[in-house]
Each structure stands twice: as structure tokens, then as C-alpha cells.
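As C-alpha cells, the structure follows; a few thoughts come after it.
Labels for the chains are A, B, C, D, E, F, G and H, by order of writing; each one numbers its residues from 1.
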Amino acid sequence: MNNSQIKKLLNSVKNGSMAVEDALDVLKHLPYENLAFAKVDHHRTIRQGVPEVIYAKGKEINDIAAIAGSMLKKSGQFLITRAAGDVYTKINSLCRQHKKTARFYERSGIIAVGENRKKSGMVAVLCAGTSDIPVAEEAMVTASFLGSRTEMINDVGVAGLHRILDAKKIFSHANVLIVVAGMEGALPSVVGGMTDKPIIAVPTSVGYGTSFSGLTALFSMLNSCVPGIAVMNIDNGFGAGVLAHKINML
Amino acid sequence: MNNSQIKKLLNSVKNGSMAVEDALDVLKHLPYENLAFAKVDHHRTIRQGVPEVIYAKGKEINDIAAIAGSMLKKSGQFLITRAAGDVYTKINSLCRQHKKTARFYERSGIIAVGENRKKSGMVAVLCAGTSDIPVAEEAMVTASFLGSRTEMINDVGVAGLHRILDAKKIFSHANVLIVVAGMEGALPSVVGGMTDKPIIAVPTSVGYGTSFSGLTALFSMLNSCVPGIAVMNIDNGFGAGVLAHKINML
Amino acid sequence: MNNSQIKKLLNSVKNGSMAVEDALDVLKHLPYENLAFAKVDHHRTIRQGVPEVIYAKGKEINDIAAIAGSMLKKSGQFLITRAAGDVYTKINSLCRQHKKTARFYERSGIIAVGENRKKSGMVAVLCAGTSDIPVAEEAMVTASFLGSRTEMINDVGVAGLHRILDAKKIFSHANVLIVVAGMEGALPSVVGGMTDKPIIAVPTSVGYGTSFSGLTALFSMLNSCVPGIAVMNIDNGFGAGVLAHKINML
Amino acid sequence: MNNSQIKKLLNSVKNGSMAVEDALDVLKHLPYENLAFAKVDHHRTIRQGVPEVIYAKGKEINDIAAIAGSMLKKSGQFLITRAAGDVYTKINSLCRQHKKTARFYERSGIIAVGENRKKSGMVAVLCAGTSDIPVAEEAMVTASFLGSRTEMINDVGVAGLHRILDAKKIFSHANVLIVVAGMEGALPSVVGGMTDKPIIAVPTSVGYGTSFSGLTALFSMLNSCVPGIAVMNIDNGFGAGVLAHKINML
Amino acid sequence: MNNSQIKKLLNSVKNGSMAVEDALDVLKHLPYENLAFAKVDHHRTIRQGVPEVIYAKGKEINDIAAIAGSMLKKSGQFLITRAAGDVYTKINSLCRQHKKTARFYERSGIIAVGENRKKSGMVAVLCAGTSDIPVAEEAMVTASFLGSRTEMINDVGVAGLHRILDAKKIFSHANVLIVVAGMEGALPSVVGGMTDKPIIAVPTSVGYGTSFSGLTALFSMLNSCVPGIAVMNIDNGFGAGVLAHKINML
Amino acid sequence: MNNSQIKKLLNSVKNGSMAVEDALDVLKHLPYENLAFAKVDHHRTIRQGVPEVIYAKGKEINDIAAIAGSMLKKSGQFLITRAAGDVYTKINSLCRQHKKTARFYERSGIIAVGENRKKSGMVAVLCAGTSDIPVAEEAMVTASFLGSRTEMINDVGVAGLHRILDAKKIFSHANVLIVVAGMEGALPSVVGGMTDKPIIAVPTSVGYGTSFSGLTALFSMLNSCVPGIAVMNIDNGFGAGVLAHKINML
Amino acid sequence: MNNSQIKKLLNSVKNGSMAVEDALDVLKHLPYENLAFAKVDHHRTIRQGVPEVIYAKGKEINDIAAIAGSMLKKSGQFLITRAAGDVYTKINSLCRQHKKTARFYERSGIIAVGENRKKSGMVAVLCAGTSDIPVAEEAMVTASFLGSRTEMINDVGVAGLHRILDAKKIFSHANVLIVVAGMEGALPSVVGGMTDKPIIAVPTSVGYGTSFSGLTALFSMLNSCVPGIAVMNIDNGFGAGVLAHKINML
Amino acid sequence: MNNSQIKKLLNSVKNGSMAVEDALDVLKHLPYENLAFAKVDHHRTIRQGVPEVIYAKGKEINDIAAIAGSMLKKSGQFLITRAAGDVYTKINSLCRQHKKTARFYERSGIIAVGENRKKSGMVAVLCAGTSDIPVAEEAMVTASFLGSRTEMINDVGVAGLHRILDAKKIFSHANVLIVVAGMEGALPSVVGGMTDKPIIAVPTSVGYGTSFSGLTALFSMLNSCVPGIAVMNIDNGFGAGVLAHKINML
């Protein structure tokens, strides 16, 4: 309920077309209505910035299809993350019924529907090793879906400095950098020494033994000697894509 | 702002004694005012149920005194937890200026001002070893301050079953039991097998080596083979006292 | 052995109808007999408050059926938790032989036999996300089985405050609140700021990476800035249901 | 060495004014010289974006003064973090000798010299509890020092929703939000549900028992149900200030 | 090489039937031979006290059969632990070829060949819950195999004190007690308060959430308030059986 | 209350010298009295096996003196562990008032009063390094106090095998071995390969970095490739002494 | 680009056969080309010291074959680690097309192509138990592939000292020792007391319960009382082989 | 006892100058005598390679002086690590009495007596930040003391790649590299990509929050993407120096 609506109500009370009791009834739920209004507002900002998203892992195909179905009726714009091939088959046929196209990124398991086609700014995604690509792809697809131009630079692990130095030509044009690495997670520090752009570090669960499924990379990134690196949860490419896009849009 | 206040405002608009714009101004902040009202409401429930509390550890005496001073002007009812003797001296003289009495429980370091003198129901506090007494006292004083009758039963560790069996005569009259233990934290399970009353378990940091400053007792309590035991953070006697009182008052 | 029984024995000794040695034999085992008596007592309280329960996970169907069979002959009232569909098929046919009905709650895997039909009081179960529903259902079914009225409120995660504020209308009628959440486990704190009723927090294993299968939610809940929140083991909906019912019945 | 310098060298070789061996000598170190050039470049970006900083904790006063002295001669712009009062006294008199002013922020222990006086954009710093203020202040002073306008909003813990809702009026004008919280670390999730601006979450070591000196807050923030929250190391207000300023300047 | 063998060699040298050089050749490896002798000695004590044992988990059937085959030729006395049914089938037919009998304990997966039939002393094995039985059986079978009389007492969890008190009649005749428990691991403390016999505590991996696959039970047992409880690795029934037998034989 | 006391009471009832009601009064508390009796019984076994003990660390001198005073009046036999020199001074003068002698072992901080002078059997205490001696001494003094003959063998770390082999001559006469080691905690495994006697391993908090204050030694000992090693909590020499004495007395 | 190549270019400029602009074009990328040169250099050292390696675990057969195919065209020398049998079948047929032989080590899953046939120096690989052999084999095959002579000594666990003492005759001829052990990881300390050669310790994930998949062995090795033991990640036989060969070649 | 001694004994037996029984007596202790001999042998290798060392932390000055005194009488060559200034004063005056010089390295707290003056080979010590210097100095002094030439390169953290590239000119002349770093511990990976020499990585406890007193750096180093990096315990500069010298001497 916005100001003009309240004003209209008050005028109705003033001119007697609405009883005080009826007005009271409307007004006493105003906090919640206002918050419901905030909800609508919030939804709008969601459409501008962050897509609706279904985390598919562990969900049954039918449940995913049901949620996707309701989204197809509402905004028609959403991502499904960590999906297997059979989920895509199901969602794709569902989308066709709504005259929509679903795009499937197999390595990361993202299904994208209603991607924002107007891209602006640039988000660079650096990826330490080939095993980290699924997470890097999740980040890149998310940022791209939301409307950022993206570029992915693979296999620039710290053990070969020349590769990172070569990559500088590319990532120096970006507004934000997403740096994805597993094992010792040192790449964000090295890249951080080469740029003054905001860096979003994503640890991956790549490694064995004391990599602790990504914990070592995570803690490494949190302790970077380069100040101001933003860190995400392990394998959270989606979150990195969202944040990178938000920053890119500023 | 409550219903009658809104009604009065609407009537003022109706009879013209208040301009629509002025009423709008008041009403458009209603959500917040309503929430501010909820705040007041919340404060009231706080006065009924949970005391205002200052966690003294690590705070400077003057800061504590300043907060206490403002409380003495407002409700005049509050607890200070984990306080040293010098804090008490300061607070006590401050209370005297306000014609209030501050009571100091030395072992737990609680200072109580404006204790609820009408007690009802009964909360039993069982304490495994003498080193656990500070935490047990914090729980007991808190529940008592809020208005519960309390009884403490010390030194009933699981290594001497007869002591716990003897204690049953006492704790079987309580509505709620608080069970405080460090080291292996087994007491709540044993007591839980002897009563059908709600049990609140408080792990303490008593022990060494793999007691991990209370973590072992905490995990032990969370894994009790007796279903439905409520567990608190390590050494959190205050929280246990609050919960026990809430349950006791139902 | 109660007082009148002991008196009778003493009179038998006095009047010579019982030899001193025989009386000694009876009396020297008295502690155990008394405790055996306590056992009967204990069983009675169990029937009043907590159901007998079989944790099905990892047990073979035949073993579960055997225990269930013995329970059908005794109290005829029990829960089986974390059961798969084939367990239900087996138990259901077993129940029919005893003219009993077994009800199966598929999402949580609870099988309920001999539910208490008379419900009183109200336990509200708040559930942060759809993935947390199995644990929330386990809590709700348990409390309901024992005789509490229950209401479940789904999908009220902290990222959308208006949803929780809307839910207040419902949960403010409850005597106890069970709050179920995974990931960062923040919901109990937020709800705790809106009510003065006892809150039982249940962390779930929902999440990935540093959610540590529920540990992060657990520790978050133990550290709530709202004092007096009761915390359960990870995914322990059953324990929460038992505690909520105990408190509700006070 | 830039292109025109190389061209000049090549022309000298061509016209014989420089011997091939001498040119070789210059060129074979070119990578390092180029990188040395990058170093200068890097220093420039550092002056634009990130201040030189001395982490005072555990360092001796004389060592700190020596480094500060060399900085006073170079850029004259630097921060000293986690400094005690005696460090300030020393640095202040040193600054006066260089006709500079050192400003001391006592709660966070930051000493700022040569602050950027032209402020633009806005960084909001939200702080859950009064004990978190030192970290929040470190973040705010850092961002301000670098040239961001800043606003701090204290004591908006999740247990009192109305306070956060009230704060929305203020933080909705910021480009970036820094959210500082200890204990269960839930504030970033709640704030994240109310804004579409980038959020930088800083866990603090405030709490006891299973707060694990900030680990619980850290993991809570990494697992936020709001996607795209940037997380810093525990108590790392400085890093948050740097990142916030970088984003604010985009 | 034992004393009499050395003496014989020396006599051969003395009477000239052995050359000094040949004797030197034998003797210069004596340290190793002596240690090999110690090996034989060790083997003898092994036969007296500890069985040869094959940990089957993760080994291929053919490898297990090969080792068992060599043992059948040597001592003919050995245990295979954590074996599945197909291992038993293989080993059993192998034993028949050597006119030996292999006994299979299905719950714990132990295969016993050449059990010591003369039993003496008594080892009591207490088991908290039915899920702990596999570990308890491993302990009991091991001790029995080595020559101890054993008795197992099941389902004496701490939540029902009367059951443990009743069990006292049985376990008070034992020389050593093995106490097996998962979840909160409190049983050894409770039993330890009822006996002055040595107690060997075995934590099991039974439980979920913060039972951490037995870690909580392990730490609970290491922190027992009853002094002098011997603790084993998680699920290590075999080790408990060996130690109990060693103590029982003293 | 023992059998003959009950018999006497029954005879008093029989011959009329005691009224039935009076006898009932005595007997109706018999379970507890019996358990109190068990308590006395337990105390007796305690006197035979385990000393009463005060853990001095963190207790105030006056509290320790008070408990010691009551023990001096009861059994006159007790240990105080982890005591500083000033505690000894106080206790010693107290003992003199009771015509008792207190002996102080400075390295381990044990004060022993009323030591059992009749020693039998032998407990060997092996100590890996000189820093582990305080814990080893605590074990040795405890076992000796209770009545075991003891021998300590220092500085037999695994890095010098000859020293352990030399020590075999000494420890092969013991009934039980206590092996004390910090850092990697390998000594129990090496000693376990050289004897068939029961071994009690005590990890110490000696070390730095990943010794984790004794955790690494503890886990090392729990994972020994020698089956049947009894493991104690970190630095728990007292527990090792108690267990060793119990086994030695069998 | 090396010195003589630069010299040639400068001479071309001098004698006019190359335009200054063209030379500039080549030279301005020199840093990167130099680093590319370093890359070539690095590749050469790699050929001398470290093989190219594909970690097969979790990769699809086709991907592995593609990388192997490109390596067959380049150096024709590489290792594939942690490969299953079907990977070998694929790679083997690929190698035959290139007239190369692939050798498969089944226990460790290494496929070796283009092994260095000239061996020198000696690397001894000691292996605590039979379950540790896969890791030991990975270490041995790697060192051998690179050109070291190797010898493996199995089943020399610390529980049987005579076996290690016997092994000394063999390992005393090596330049470097690789010591592989799981469970308590004590073998490197014991071997370290018997030699002054560099020791590389490799913890394995062999064990259960508190072996924590190799963490206990790892920490044990890091805390060895023998100074200067080099420690590898859990199960990292490949790394140990590389380091041993590097040291052996000095 | 060596071969000629045994031969002499056998001849004595042969010619009757020694009785068989007497010879037996000598021979049956041969293993131990031989191992005692090995002890002497071991001491010799110790003198050649590794210094005797006293870890001063937590030891009393008099104890340190006593051990140092005995060493001054034996080899006169030893190191004291982690010593404070007062220890040096004491040791220095003690050395003067023995006409020896003690050298004190204040930052690392090493006291060196009887340093090997003949240096050969080269060990480079790279140090990430100024706070890591104490550990780096401990490594450098140890290697130098044992006879290696050493060079330390400070402040080459990964955030400034040009500094490491510049350092390459220096460290490329070394046989072994010691790389010391705290926080995220990334330096060994970056250096490892620039050299084929053996690298010894030493994590330091420098950092705060999730640096976990060096654990993050340790795990980072164990997970390096550069194969074959040797890792030491946290802050263990001494161990690194010993290993580096051993490798340098090959």
C-alpha cells in the first residue's frame, strides 16, 4: 500500500464514504501489507539482479518440474543448478510447452531459462585447473544469465606463473574477477597482486587428503595476504556469479 | 500505536480537526511505529519473562555502570553476568543512589537488581561436580530472579549412582530440571532415565585434554540416548535459567 | 515393594510365621526389587509421555518386524523413524494381523501405530526451507502422536522477513515452537525475537561445503543472541517432538 | 621500459651508436625491468585504491616507527591497524616532525595518516552488537580513509527485527553494505533479504563456547541462504573496508 | 637360537668338529638371529596371548585366502575380522582341506579357526544398545578365542538404571569388564561407579549428527569421571578382547 | 547396612524389643541405605584400590585445605594432583596437626598423604622424553601410593632403538607397563612389539604446532598396530596409575 | 627466446635486414616470450626431473585419452596415476598407434609411458603394512620412471622391531628413503633413528576410527622426534617419488 | 663387539683358555652389546650430520645449563632453540669457562656453540613476510651451523610477483630451497613453478582467525599443485635446516 492509496483512504474517511471502523480494519494490518508490498518490491529487485534458482541436487525430478512450472507461469526466468541430464530432458519439454527454451550447461549442470540477452560490463572468470571448470562454469553462466558479459580463462594454476601473466591481458578489461581454485587455493592471492579490481574467490572441493574437500582452499583464500578478497562457500559458483553481476552493474 | 489511537486519528480526520496530509504523515510510518509498538510490547514480555542482562566479561567498569544506570532509570530490573568483585562495588553504590539493592553471587559472578520476589513452580538444578557450581549457580539465580522457585543439588556425578537416586526425592517435585555437567557430560542421560520432566542440559568447560573446554560434554548431551533433552551452549547457565523459567511458567 | 508389603513381612517375622533367614533373603534384594518397581513406574510414565520408538536406519526389515511384533503385543503404541517404503509394507501387514492401523509419513519416513487421538495444547513447527521438511515432519508427527495439536509453517527462511512476520499470526497461538533450519541456521534467532514462548531449535544437514552436514546450523543455534533456545542434535526431529510435547503438557 | 624506449634502442643499434652486445645486455633483463615497471604501476594503483598498512599486533614500537618513518618520506599516506595507545603517542610525535597529523581511533586501534579528504559514494556499516564495534570501526575507518563516504549503524542484531527494519531507511542509500556480526552471524542473511546491494559479511570473534572465536559466525555467513554474500576472515574489518571502497569506486 | 643351541655350537668349536670361521659366520648374524629368536619367542607369546589376525575389510577374497592358507600351515590358529559371508565360504572350504573347522560369527563378521578350548577366568562384555552388538561380539569372540570365559550383557544403556543395577549380579564375577557404547558413551562411567574391576571402554560408531561416527563416545570415555578406564579406538572390539584376555590371564 | 545388621533388626522385631513401625521406618529407606551401604562398600574398595583425590588446578587453597581436612578426619589417605608449592605448604601444616605426613612430588605436583607402605607386584613406567616426566611421575606415584612396586625408565624415545632394547631387561619383570609419550606418540607401539604384558599408553601435551597439545599422540596411540593397548586421556598420569595398580593386583 | 636469438635479431636490425618496427613487434612481447621461454626451459627441467602426469581419478576415459594423445605427440613421456583397468586398455591401444609401450602397475593404478631406462643412485621405499603397498608402489614407480634405482621393503611395521633392523642392511645403501605408513604412522621416527639419510614420510589413509583417513599418521609424522623428516600429503606416493628422485640426482 | 673380537673369543674356546659357559655368557648378550655399539656409531653420524639440540621453551635455565654443561664436556657442539636472552647470558658465561664461544641469534632465539666453520654447497631460505623471519632465521642458522652456505631472501610474498621473479637470480644457485610462509602459505607453490630444486616448505603460525596458528599454511603446502614439496611441522625452522643440510651434503 503506497502513499497515494493511504491518502485516498483518508479522504474516503474524511468525506464519509468509508466508516472509521472499516478504515481501521484496513490500517491495522498495514505493517504486514506494507511488508507484503516490500515483497513485491523485493521481487522486482530480484528480477533485476538475482534469478530465481532451484538447487536440484537431492530433489526429485517431479518436484523440480513442479517448481519450474510455476516459475514458467510467473517470471519465466530462472536457473536450475547441479542438475543431471534427465532433469534437463524433463525441463526442456516443459519449457517447449510454454514456448520457452531451456539451455543446458553439462559440465556444471546448470539449466538456464529466460537468460538476459542484453549484456554489459565484463566479469572475468579465472580457473586454476581443469577439474575446477564445473564450478567456474557455474559462476560464468550465472553472471552471464543475469546480464554481464563474461570471459573464462582456464588452467592458470600458480605453478606456472607465465600463464597467469599472459592472462593479465584479458582479465585487465574486467570490472570484477572471479577466481576459482581447489587444492592449496593460492591463485586469488597471486592474481590479487596483479590487479586493483574486486576479486571474488571460490574454493573448490578438488583435491584429496588434507584438501579436506575444499576447506584448505577456503581457509587459504580467507587468509590471503592481498587485502579485500571476497570469499564464497566451497564450490559456490552460483553465489560468485550473483555477486560479480551485482558489482558489475554498479 | 494501538487501535484506539488509530481510531482517534481517523475520527480527527473525519471531523476535520486533522488534515489528510498530517494524518498521512503519521500513518506512512505506521509499519515502523507498529513495530516500535511491538518493541514496547516485546519489552513488556521481556519484563515478564526474561531480564535485561549485561554480559560483563571484557567490558570496562564504566561502560557497565553506564548501561546499568540507564536500566535503573527504566525498569530497575536487570542481571549482570560474569562480573568481578570490583564491578559489584561500583554497581552497588550506583544502586544505593537509586534506592535499590544489588545482590552479588560470587561464585558465578551474577549481580541481580530488582529480583522478582513472588516465586512459583519449581526448577531443580542438578550439578555433577563442585567445579560445575558456578554455571549451575548462574542458572539457578537467573530462574529465581525471574520468579521460579529453585533448588540446587550438588555433586551428583554419574560415578556414584546412589547419590543421584537419593536426589530423586528432591527433583521429582520440580516442573523442569537443569542438569549441569562437564567432562563426559553423562549426567543428563542418567537423570533422563529417572524422570519424565523436561530436562535442560548445560555442558561446562570443566575438564582437560580431550574435554576440549566443554565440547565433549556438549556433544555427549546432544547424543543422549534419552530423547528430548534440551541442550545449551557451553557454560550457558543464564540461557538455561531463562528457558527453565519460561517452561515453568506455562 | 511398598510400605504395607514391608509391614506385612515384619508382622510375619514378629508372629513367627516367617523365619528371620527367609525375611533377610527378601530384604537384602530390596534395593533391586525397589528399582524393579521403579522400572514399572518408569514404564508407566513412558506410556504417558514418550512413545516406544525404533530407529529403522541400518536395521534389517525382519529385525524391525520382530521388535514391532513384540510392541504390538505390549502397548500397541509405537513409532518407527527413518523407515523406507518396504518397511512400511511389512509393518502394515503385521499391524493388520493385530487389527491395528499403521500410518506412514513418506517424507520423514515415520510409521505411527496407536497414535494418541486426544490432542490438546498447540505446538507450532516452523521450517526454513523445503529441504528441511522431512525433519520438520518428524517433529510434528511425533508431537501429534503423543497428543499435542500441531501446525506446520513451511518456507519461512530469514532471507524473506515478511514471510516470518506473516507467520506470527499463526505461531503466536502455540505453547511451544519447534524451529527447523539448515545452512546458516539463523531462523531460531529471528523467531526468538518475535515471541516469548519456549523455542526448540533443530539444525538439519541441509547444505553443502562449510555447512558441514548441519554442524554450522547447530553451532549457530547454540550461539543465538536470543537467550534460552533449546537445541537438538542434527536432524533430530523426533527429540524435538518429544520435548515439545512434554512442555506442552505442563 | 616502454615501446618508444625500445624503439630508440633499436635505432641506436641500427645507426651503430650502440653495440649489439650492449643492447643485448639491456634487453635480456627486459622481463624483470618490465615487471619492475609493473611494480611502479602497481604502487600507483595502490596509492589510488589501497593504503599501505602496518599490522601492529605483536610488533615492537620501534619497528613500527621505523616503517612509518619510511612511509612518511614516501607517500605520507598509511594506516596502522590493531595499535595500542603507546604506539599512537610515538607515531603522532613522528608525524609532527613531518608536519603530518595522525588520527587515532581508539576502539579499533587504527592510526590513520594522510586520509583521503574527498569522499564519494556511500558505504554503510551495520554492526550486530556493541562488542562488534571495534571490527566495524576498522572497516568504516578504512573505507573512509580511502575516500568513501561511510555511515555506521550499531546494535541491529537479529533478535530485534524492528531495529533492522528501521535501519533500512539509512542503508538503502549505500552502494555497498558491510555487515559485522559475531555469535551466530545471522545478520548478513537478514539484511540480504532486504536489499539488492552487494553485501560484505565480517564475522567477529565475539562469543564463547561453540562460537569458536568467530568460526561459527564465519561458517554461518558462508552458508547464507541469500546468494552472493562476500565473506571476510574473522575480525578482518580492514579487508572489508578495502573491498567496499573498491566496489564503491566502480 | 637359544642358549643350548649356542652351547652346542661352542662345544663343536671346542672339540674341533666346527671350524672357527664357520662358527663366526653363524655368530656374526646372532644379533639378528637373536632378534629372529625373539621373533620366535614373540610368536610363542602370540600363540599364548594374541591370535594372528587378518583385517578383511577392503582386502580381496583371494588375498585373504592366501594369508589364511599360510597360517593353516603354521599355527593353524587365527582370526579374520570384519569378514563378509563370501569370505567365510572360501575360508571354510580351505579349512576343510586342512581338516580344520572355521566358525563364523555373522553379526561381527569374525571367522575363528583353532579356538583355544580351555577357558579360564571371566571377561564380562556389557553392551549399551542393540546396534552396538557387532562390536561387543567382536570383543567377546576374541577374548573367548584366546581362552577367557566370557559373558555378554546386552541393552544396558544408561537411560534405564535398573537394567545396569540388575546386571551387576552378573558382571561382579568377572575379572575384567569390556563396556561397549555409542552415541554419548556414558555407560563406562556408570558401570565404573559400581565396580573396582578394570574396565575397558570401546566407543562405537553408532549414532548420527554430532556422534561424529563414534568420536563423541570416544572423547566421553576418555573424560570419564571414574579414574583408570582403558579406552580403545572406535569400533575396536578386537583390541578390547585382546587386552581383556591379557589382564584376565595375569 | 549389612546382612548381620538386618538380621539383628529382624530378631529385635521377632522378640518384640523393636516395634514393627520403627523397623518399617528403618527398612523403608533401605534401598537408599543399601545404596549408602554400597557407598560404604564402595569406599572400602576405594580404600583398597583407588585413593580419594583432589584435582587442585584452578581450586583455591582454602577450598583444597577444607576438603583435605575432612579427608584427614575420615580415611587419612588421599592424593592431591596438580598442586603448586603453596598448596603443599598449607596441606603439610594441616597434616602435622593430624600427626600425618604429606609428601610432595614437585615435578608432577602430587601431594600424597597416607601412602600404602606394603608394595607388591611391579608396574614399569616408560617415559619417552624428559618433558614427559611430570606425567610419568604422576602415574608412578599414584600406582606406588596404592601399593604397587614401581620403576621408572626415562628417555627411551623411539628415535634411539638401542635405548628401548636395553630397557627391556628392566620392564620385562613388570606385570603392567605404563608408556608415556608426547609428540608423535610412537613409543607404545614399539614397546608393544617387545612384550606380551598389558600396556597403558598416556599421551602428553608435549610438542608444538600439529601436536595439538597431545591430540596427535592420543590418536597415534589409539591407532597402534599392536592390538590391545589401553589409552588414557591426555596428561592423565593419575588414571594410568589407578588402572595399572588395579591390573597389578589381580 | 634465448640470448643468441636476441643477438641475431639485433644484428638483423643493424644490417638492415629487419625493420625497426618489426623488431619492436617481436621485442615488445619479449617479457611474455621470455616467460614462454622459461616455460620451454621449465619443460626441459620437467623432462629431466618430473614427468608430466595425469591424475585419472574422477576424469572420464575420453578426456584422459585426449590429454595422453597430445603428450604422445609432444614428449612421449608421462605417467597416469590412480587409473583403473579400463583406462589402461584405452591408453595402451593409443600408445600402440604411436609405437609406444604403456606399462600398468595394477596395485597403485599407475600407467607409465616412456620410462627413463638409465637408472642411477638408489631410493629405498619402506612400507609399514601390506595395505600401504599401493601408495608405496606409486612412490617407487615414479622415482624409477624418472631414472632412480629403487628397492621396496614391505611389511616392516614398528610392532616387530627385528624386521626393521633386518631391513637396515638393504636401506643403508640408499641415498634417500621413502617411508610409507598408515594408522599411527610411527615408522619414519623409528627408521629415522637408524640412518642419517634424508627421509620422506608418506602417510596413508589406511586405518579406521581415529585414523581419520590418514590425518593421524600425517600429524604423527610432522611431530616426529627425529628432526628433518620431509612429509607429504596423505597417500601422495607420486610426490614422494618426485622429491626422492630430485634429491637422488643431486 | 666386532668380528675380530668374536673370532678371538671362539679361538679362546677352541684352545680351552675360555670355558664354554663363560663364552655363552658373553655371547647371549651380544645383541644388546652390538646395539650399544650401534649407539656409538649413531653418535658418530650425529656428529657428522645433525647437531645435538636443546628445545629451551618451557625448560628452566638451570636444567638447560646442566644439559649444556654435559655437552660442552662431550662434543662441544650444540644448538639451543627458542631461548630467551637470560638463557643466553647463562650459557655464554658457561661457555667461557670451557673456552668456547656461544653465539646468540635474537630474533629466532637460537644459541649456537661450536659451529662448523667449513661451509659448502648452498641453501637458500625464502621468507614470505617480515613476521616469518624468526622461523626463517632458525632454518638458516641451523643449516649454516651444520656446514651449509646459506642465503636468506626476505619479504617475497606472493602478492608481489616481481619480487619473487627478481629473487630467482639468487635462489637459482642453491642446491635446496627452504620456503617459509604463514597466512595462506602459497609461496612454495609459486617458487616451485620456477625451479627444479628440492623445496622444503615451512608453515608459520603467523596470521589470525582462520589461519589457525599455521594449520591453513600447513595444509596449503601439503596440497601444493607443484609435486614433491617437502613439508615440515608449523614453525619448525630447525627441522628444515637439518633436512636442507642433509640434502645439500649429498
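Just a few scattered comments:
The rule we apply is simple: contacts are C-beta pairs under 8 Å (C-beta built on N, C-alpha and C of every residue); 3 or more make two chains touch, one makes a residue touch a chain.
Small disclaimer: the values here were computed from a predicted structure and weren't measured.
Contact with both chain C and chain F is made by B, E. Comparing each option in F-G, C-F or E-F with B-E by residue number, the pair that reproduces over half of the contacts is F-G.
Chain B has its Cα centroid 41 Å from the Cα centroid of chain A. Between the Cα centres of chain A and chain E there is a gap of 56 Å.
Contacts with at least two other chains are made by residues 31, 35, 38, 42, 160-161, 165, 193-194, 209-211, 215, 218, 222-223, 233 of chain A. Listed by chain label, the pairs that touch are A-B, A-C, A-D, A-G, A-H, B-C, B-D, B-E, B-F, C-D, C-E, C-F, D-G, D-H, E-F, E-G, E-H, F-G, F-H, G-H.
Residue ranges of chain C in contact with chain E, taken from their complex: 31-32, 35-36, 38-39, 42, 57-59, 205, 213-215, 218, 233-236.
Considering their complex, residues 3, 6-7, 10-11, 13-14, 16, 20, 23-24, 27-28, 30-31, 34-35 of chain G touch chain D.
On the chain D side of its complex with chain C, the touching residues are 128-129, 157-161, 165, 183-186, 189-190, 192-194, 207, 209-212, 215-217, 219-226.
Taken together, the chain G residues at the contact with chain E in this complex read 131, 160-162, 165-166, 208-211.
Of all the residues in chain H, the ones that touch chain G in their complex are 42, 45-46, 48-50, 53, 175, 193-194, 196-198, 200, 218, 222-223, 227-233, 238-243, 246-247, 250.
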